[in-house]
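Below is one structure, written out as structure tokens, with a few remarks after it.
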């Protein structure tokens, strides 16, 4: 039963997580098969599959929430990767984190920026290892970027705070 | 001193809060003049004024964080209004709230949806009172998400943080 | 679609909430039809319907969690009622609350005991209004714990989620 | 002074923690003698020693609260062990964790299930090392299970979700 | 039993709460006699009675913690009163609250300052009602901090709780 | 721009952090230059530089808040060091932690005491390494202790709970 939700969940999960999706599902299942099934079915098969909000906005919301909760560093790192996958830039992730200093306090923001830096370095390492397969490693963002994102990316080019990316 | 940051903060605050901005600043000052100054200077003069992330994404992040924190209903309601002001639709706000059931639990989501409903009703009342100035207030929150999404995307093209309501 | 989970959820919801269940579902739907559906389907259709843990233990866990979260007084009150419905005694609810002073601090415990007292008084009022149908409502919450424990253990034998009140 | 509470606390502590109790008290004392004394006296000498709620229900409440608090992994692991000691089965612990996805969110549940798995593996390792001393290592649960627990254990035999245990 | 701790707790409680202490204990007892006893015995009979930290510092710590916890407005208000009673000035309370914007976020600080203002107004009202006994209640909260600090130190000289400063 | 606030922030930061200040600022900048600037400007240039509350009380408030937040062990350790630097004694830090058991629960207090012990051991190690340069390593506290602190220190000499320091 519920095959439809599970299948839709797996698809959405992979769309968001990218090439790491398959492996992540396997790890979840090993942890607990029932909870793994619920993770796929409810958050991904139900919620993230809803048409009312684009994936980019969804990952922005999730990153903000995980920083505010403050006790889910592992999940925060996973979702920073997801955010990069669905078209949130590194600079934008840093902006969300800085903004969280306002709502969740500076310690939460500082812990989050440490987590983000670690993810960025991991991604850089992976890019490097793959070498020639990815000829332009710096164009990390795309994949699912929709039409209206293009103008945003263009916009980003001539902004000031470029140090990080 | 710090005049520049304060001025920029007031401007950004009003851009986000819309016509209620002036009154909100007055209320903050009455609460405590120093804390009010910091609220204007740091979150609005510094953070929200940074170019690296659009106001729409910023309000999505803030709403998600306030739901996750769970103890700031008043601020959540204020920011639901701000989100409407900077181009987040009612449907999208509902989507963020539903998504928060995944990360912060169902009680947090249920409390947030109650808050959102109250804000939407307040806004409707205000629209009605203003009467003929806004001839089609109901068109802004279409039921059918797919149709709505289209218009949002179109809308996004020519907004520079366009007031939705 | 998902009819099976929804139906099972409604049934489990009513089993736990007792006679107030129908009304509660209506209120949820009015708040937001989609979130209401998820509340019925996932927590009740999926989780509470799992055979691995009895409803009494489930409500004990939920009450403890809601006290620890500290920002869900409304849901806490709802689940104190549910706990009474599935066979947790008033004394046991008080015990859980007192225990939470250890893990979530005294303020959380004091707020919870206030909520519990309000629920107990509401239930008493309702009992009174129904009159002769429940001739000895007061006998259910004896002061002397030791005696009370005995009756609970006896009571547990022939309950199949027996309504305590 | 307060000798009585301390003695009662030590006894209750050991009843709950099992053979690891002695060592745990020593570690607490080394951390800080005064806080150690309060830990023994108030939570164990006062609260857990109260007759109004059985130890099994108390540990269910504590596990749920620690998952909801989300920042006490170490204590969660300690109490998962305690729960096993006082008659909560591994399957039941997994059920509580899955249920917490509803109230505290999926990240909290996923972190908790990771902690539980680690405890289960530790316990298995210890069982193995003791070898012949414990001829039936799989019957982990009992020890302090009281009379009314028996029927529950019987009940558990023919339930469906047995994969984990 | 435990008479000594309870008596010491009552005394410390009244020392901290001032003239409202008696009434507060009665209200606690009415809520739940057992939890009330623990509140008197452990926080006040044990912790606040320890000689290692002055009451002024203890109330500063408690106010900060309650703001950070964010879900205990009632207790925060009670402890703002206690802080005033043991020699923390209104200005200092405001300072702690502003500082909490850094660690717990601006919403927590804004909610706390609202609570503080309410307490200050209540205290002013009570002062007024008592009339001539306190001839210059307004002098306590001067606007200019530097001047204020001076008067606080002077003020501290002839108040009761002098051990501390 | 904002030079004045930044300079004041650096100075206050070093006053609080002591000899480790320089290094800490460098690490912050490496993490993210913008967030580092805000950390220096707002918490230290604005808040900690305000005259209305002494640094000793400020660090007491911060330690209490960080224990209550529960998800900022790193920052807690940093501020335990800061507290020692501005005249809070080890015994007083332990007292704040024990007091937090009342408000944030025993797990939060136990985690905090573990963190404090680690800091104390680090400081001892550092003292030892510096050897003859610091002839009286046990007189850790002073540095910025103001006049009115002297009486407190004197007072501390003949109190009972001296085990820890």
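By letter and in written order, the chains are A, B, C, D, E and F; residue numbering begins at 1 in each of them.
The rule we apply is simple: a contact is a pair of C-beta atoms (placed from the backbone, for glycine too) under 8 Å apart; a residue touches a chain by one contact, two chains touch by 3 or more.
Quantities reported herein were computed from a predicted structural model and do not represent experimental measurements.
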{"item": "Pair joined by more contacting C-beta pairs (B-C or B-D)", "value": "B-C"}
{"item": "Listed pair (A-C, A-D or C-D) duplicating the B-F contact set, over half by residue number", "value": "A-C"}
{"item": "Centroid spacing, where centroids are CA-atom means, of chain A and chain F in whole angstrom", "value": "35"}
{"item": "Averaged-CA centre spacing for the pair chain E and chain A, given as whole angstrom", "value": "45"}
{"item": "Contacts with 2+ other chains: residues of chain F", "value": "34, 38, 42-43, 47, 50, 66, 69-72, 94, 98, 101-108, 161"}
{"item": "Contact set on chain F toward chain A in their complex", "value": "28, 31-35, 38-39, 43, 66, 69-72, 74-75"}
{"item": "In the complex, chain B residues that touch chain C", "value": "70-71, 94, 97-98, 101, 105-111, 113-114, 117"}
{"item": "Of chain C, residues touching chain F in the complex", "value": "101-108"}
{"item": "Footprint of chain C on chain D - complex, ascending", "value": "42-43, 47-48, 50-53, 57-58, 60-69, 72, 91-92, 94-96, 98-104, 147-148, 151-152, 156, 159-161"}
{"item": "Residues on chain A engaged by chain C in the complex (per definition of touch)", "value": "1-2, 4-5, 34, 38, 42, 46-47, 50"}
